[in-house]
Amino acid sequence: MDALVNNFQPLLLAQLKSGDYVGFTFFIGSMAMAAATVFFFFQFSQVKGKWKDSMLVSGLITFIAAVHYFYMRDFWATNQASPTEFRYIDWILTVPLMCVEFYLILRAFGAKVGLLWKMIFYSVVMLVAGYLGETVFRDASPLWGFISTIGYAGILYEVWMGSAKRLSNNSNDPILQKGFNALAWFVFAGWAIYPIGYMTIETGWLAGLIPAESMDIIYNIGDAVNKIGFGLVIYSLAVSKSAQGAEQHVEAGAGKATTNA
Amino acid sequence: MDALVNNFQPLLLAQLKSGDYVGFTFFIGSMAMAAATVFFFFQFSQVKGKWKDSMLVSGLITFIAAVHYFYMRDFWATNQASPTEFRYIDWILTVPLMCVEFYLILRAFGAKVGLLWKMIFYSVVMLVAGYLGETVFRDASPLWGFISTIGYAGILYEVWMGSAKRLSNNSNDPILQKGFNALAWFVFAGWAIYPIGYMTIETGWLAGLIPAESMDIIYNIGDAVNKIGFGLVIYSLAVSKSAQGAEQHVEAGAGKATTNA
Amino acid sequence: MDALVNNFQPLLLAQLKSGDYVGFTFFIGSMAMAAATVFFFFQFSQVKGKWKDSMLVSGLITFIAAVHYFYMRDFWATNQASPTEFRYIDWILTVPLMCVEFYLILRAFGAKVGLLWKMIFYSVVMLVAGYLGETVFRDASPLWGFISTIGYAGILYEVWMGSAKRLSNNSNDPILQKGFNALAWFVFAGWAIYPIGYMTIETGWLAGLIPAESMDIIYNIGDAVNKIGFGLVIYSLAVSKSAQGAEQHVEAGAGKATTNA
Amino acid sequence: MDALVNNFQPLLLAQLKSGDYVGFTFFIGSMAMAAATVFFFFQFSQVKGKWKDSMLVSGLITFIAAVHYFYMRDFWATNQASPTEFRYIDWILTVPLMCVEFYLILRAFGAKVGLLWKMIFYSVVMLVAGYLGETVFRDASPLWGFISTIGYAGILYEVWMGSAKRLSNNSNDPILQKGFNALAWFVFAGWAIYPIGYMTIETGWLAGLIPAESMDIIYNIGDAVNKIGFGLVIYSLAVSKSAQGAEQHVEAGAGKATTNA
Amino acid sequence: MDALVNNFQPLLLAQLKSGDYVGFTFFIGSMAMAAATVFFFFQFSQVKGKWKDSMLVSGLITFIAAVHYFYMRDFWATNQASPTEFRYIDWILTVPLMCVEFYLILRAFGAKVGLLWKMIFYSVVMLVAGYLGETVFRDASPLWGFISTIGYAGILYEVWMGSAKRLSNNSNDPILQKGFNALAWFVFAGWAIYPIGYMTIETGWLAGLIPAESMDIIYNIGDAVNKIGFGLVIYSLAVSKSAQGAEQHVEAGAGKATTNA
């Protein structure tokens, strides 16, 4: 009968128990992602021109995450186990979309689409290796963690030293540069949260040092910071640039007026 | 078989029994929050400029509350017990958003983002202490209630005497000042409803004086007043300022016309 | 096993049986309310200025009703009993919103917010007494019906003789007056449908004369007339006034053109 | 246990079996109606002026149908029986809305609202008699089918010979006339599909000639043609008239320019 | 009891097991289609004129696919079997819509609606034969695969050599020609993925060479490429043409300015 009950647990009715702090972060995450999605989609109508694409992609990232957090929190509440499959499905869709966000900014500096594909390739390496290390080849988790880190290092190189960084350096738009730098810090410091979670599994380097159930808390904090925070930086950038555009418009209009006079 | 029935209760089908007044307030609350959300999101398209952000945040507060009230009312209908976890998840997301509402108004007076973080910090102290006092350390509920009150007092200080109040005093915009004062009264009188609910638990100061099941009724009334009422004050402020902006526009246009002449 | 089946009936799958005419009106009502909501919300974008608020409130009324009709029809289909609790939760939210509709029209004639509160007070008396008479104090249903009628009479007085009527009489806007009169007739003739339903319960004056199960049919017809019909009158008023506004705009523009010349 | 399984079949999970062609048309119908609804609602923002109302009504027709097709397909998949009740609830709401569509077009030719009520009356006769013939008085299905046909004939008379036809003939707008004629053909040829379905029931004139289960396939094809096709004709009409309006606008603007010169 | 469990699996709660790579592609597909739908519907508001229709149809294609992928992934997770019926219902709706996309582009070159019907006829032949070969006449799958291929060849002929190709060749709009060519390649290379999947069934030519369960992976990849990729090509085309339109507008304005001067 137990199996029956487990199989029937209706979606969204999984109960959270007092003191289940992992479950807490899943529930808060699901709602925070949903609210962030509504926020970004409404702001789509406020920002100007190509920045609408950036807001739309920010909203898609939190939208995809919101759906998966609803699944993950129910999986956790039902099984008290890590929803590893849902997590990686979320990431395989949202991490490439974060690379798209970088590209949408760098395009203004003349970035080619090849840069986008390079970053997506690195992110796929990072995620596929991570998944294999957490599931199929769990015994060899450090090895797969190492391969995953190569993918991560590739992205880090691009945004801190490679062509993406050079494109930003060569521009003369301080607002865009400031936004690019903020996102680069997210990749450096924010994404570094995940390896810590990864290393808490029983074959990981932090096994025993940190309780195993903290992996999901660490991942959940990482997602909130990197998805909502990342989106808010882009939102703030889009608002600044939209206001600037409006001023230039006014100036251009003033110029025209002068010419007419 | 009973356990099976409980576990299967399909979402949104929990039945309300005649005379279950606590359940009544949960059901009315869920629908009132949903309707308020629709109202605020539609008004987003009506108000002008930065006031759209205020309407959006008002709508997000009631949206998050609506979702949690749907869970809470089903939890109550199924278990006839307080949905403490859902309540605190709701509050941990919506109370900081109310602080954001204050900040969005005070920004016009030159408020720094530091003020926002200070208020969010106070609100987190207030909520985390409250949760621990109601659940994990229920025996020591007065102590945790005291710590929670410190957080509450911090917010009260800010909006009635501290830097937020000074910013409002130094401005010369009577509409904004009136709106700020109305919100300050919500924090003083409206938020004071919650400690009364808190003190009805069996280790609280009002235990025995007020029936224990009235805690949820008190909390539900508090939420309706503070979330919907708070949002309506901001809506009214946004409409006044949007109309004022339109007039200034007309005046500016008139001025320009004069200049041209 | 029967109890189990009843408890599990999944939402929206309750089957309607051939010849269950009460169930028929519940199903038709649920869908008609949903379609009316979509209609009013789309028209929000078409009408002008403050009439948008009127369309929004019309849509909120049918939105709240639609949600409750979905519950009520499933409750009926499952239990073949009156969903009294859901009905009163619907009314306690929608009847005050109908009072708001009156106020939104009368505001243009200089109505004070006090008139709104007075009408809301009357409607709460009417509904709370009605609920108590149908449930807790069913034996004394005529007495509570009488108290309820006092609330109803108060609203009738306002819109047919009191300050609301005087405000309408003193205005010189024939379109608004015609709309106000139409709504006043809804309150007089349309709302009078409900007492008939109320009097069919076994302690009511019509008990035995009309079959008891007709109460829900009468209530359902009343709701369709009063919520959708009421909204359509306001829609028609809003369209007329929006068109008038557009003409005045054109005239004003023509005036300006003349001045310029 | 079988009864339990039937009662629990969760909505939207009813499985379609290979070779169940009736079920196929239900599933395709449900999705086609949903997609058509999205299409018409998006086009609402594209067409101009009063044509928005026509697109909105087209969308409401397919919206109501989509919801009922989702119920009907699950009813069929679960019971392999005709979902007669759901079908008639759909029709009692959507057929009058089709009459509204005629009225919205004829209004431009000076149609009075009385014409709308006359057509709605005919459609109610047609549907109520049809329902009684298929369910309560199944033994006398030919008689009730005859009464239903009188209602149908009334509508046919209006759009092919009566006042509706005359209004169209007297206008001098070839685009509207072409649209009106296309819709009249839908009523003549498209609606004639339904009597064929009706006559396949075991007491019908086609009983034995056509397999009884083909009734639902015939009805489903009829609905797709008459609801989506009808809406597409109106869409095409609305696009033509909106473009014409834009041209007249340009011409009017040109005229004004000439005057100014 | 097993049958009961299978029948009750609540929608959207089907669990994905570690290493179920077929299930993985179903889950990723469902979410990717949903996100693509949101993307195309938001872009509807950005592109200009008739290109809005193209974005809307792209969104409808992924919308229909998203709904079916949610069903298919749950069918797979529950039964570990190919959801053949859902797949063909999806295709019978979305493949004709892809033909509509071709038509919407070619219309600008003077395409007649007859071309659209010809392509829809070919696609129906392709799909109906394919369905029969996979289900009812599985023993004769190569024969039905051959008939299906005739339909496919018809479409290929149209877009690579027939009237569609000629229309594109005779135009002098390089942006449209480039877009048309990209879509033609999708039909040639992208749609060729499906026959490979089809030939993996146990009576197919690739049976034994490729594991049978890879059919669904192949179909899922094909759908992602052909639905999302196809839509992105049209999006990119719509953005280019909308920008061009804006420039022509500016030039036209400039021309007018010159005339005025």
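Should a chain be cited, it is by its letter among A, B, C, D and E, assigned in written order, with residues numbered from 1 in that chain.
By our rule, a contact is a pair of C-beta atoms (placed from the backbone, for glycine too) under 8 Å apart; a residue touches a chain by one contact, two chains touch by 3 or more.
Which chain is which protein? Per UniProt: A, B, C, D, E = Rhodopsin.
Because the structure is predicted, anything quoted here is derived from the model rather than measured.
*Asks:* So if I look at the partners of subunit B and the partners of subunit D, which chains show up in both lists?
*Replies:* Chains in contact with subunit B as well as subunit D: C.
*Asks:* I'd like the angle of the rotation relating subunit A and subunit D after CA superposition, in degrees, nearest 5.
*Replies:* About 145 degrees, rounded to the nearest 5.
*Asks:* Centroid of subunit A to centroid of subunit C, CA atoms only: how many Å?
*Replies:* So the centroids are 46 Å from each other.
*Asks:* How far is the middle of subunit D from the middle of subunit E, if each middle is the mean of its Cα atoms, in Å?
*Replies:* 29
*Asks:* Quick one: which residues in subunit C touch 2 or more of the other chains?
*Replies:* As it turns out, subunit C has residues touching two or more other chains at 4, 8-11.
*Asks:* Connecting every touching chain pair, does the picture come out as line, ring, star, complete or other?
*Replies:* Topology of touching chains reads as a ring, each chain with two neighbours.
*Asks:* Can you check the complex and tell me which residues of subunit B touch subunit A?
*Replies:* 3-4, 7-11, 41, 44, 52, 56, 59-60, 63-64, 67-68, 71, 74-75, 84-86, 89, 92-93, 135-136
*Asks:* With touch defined as at the start, can you tell me which subunit D residues reach subunit E in the complex?
*Replies:* So the residues of subunit D touching subunit E come out as 1, 4-5, 8-13, 15-19, 24, 27-28, 31-32, 34-35, 38-39, 42-43, 46.
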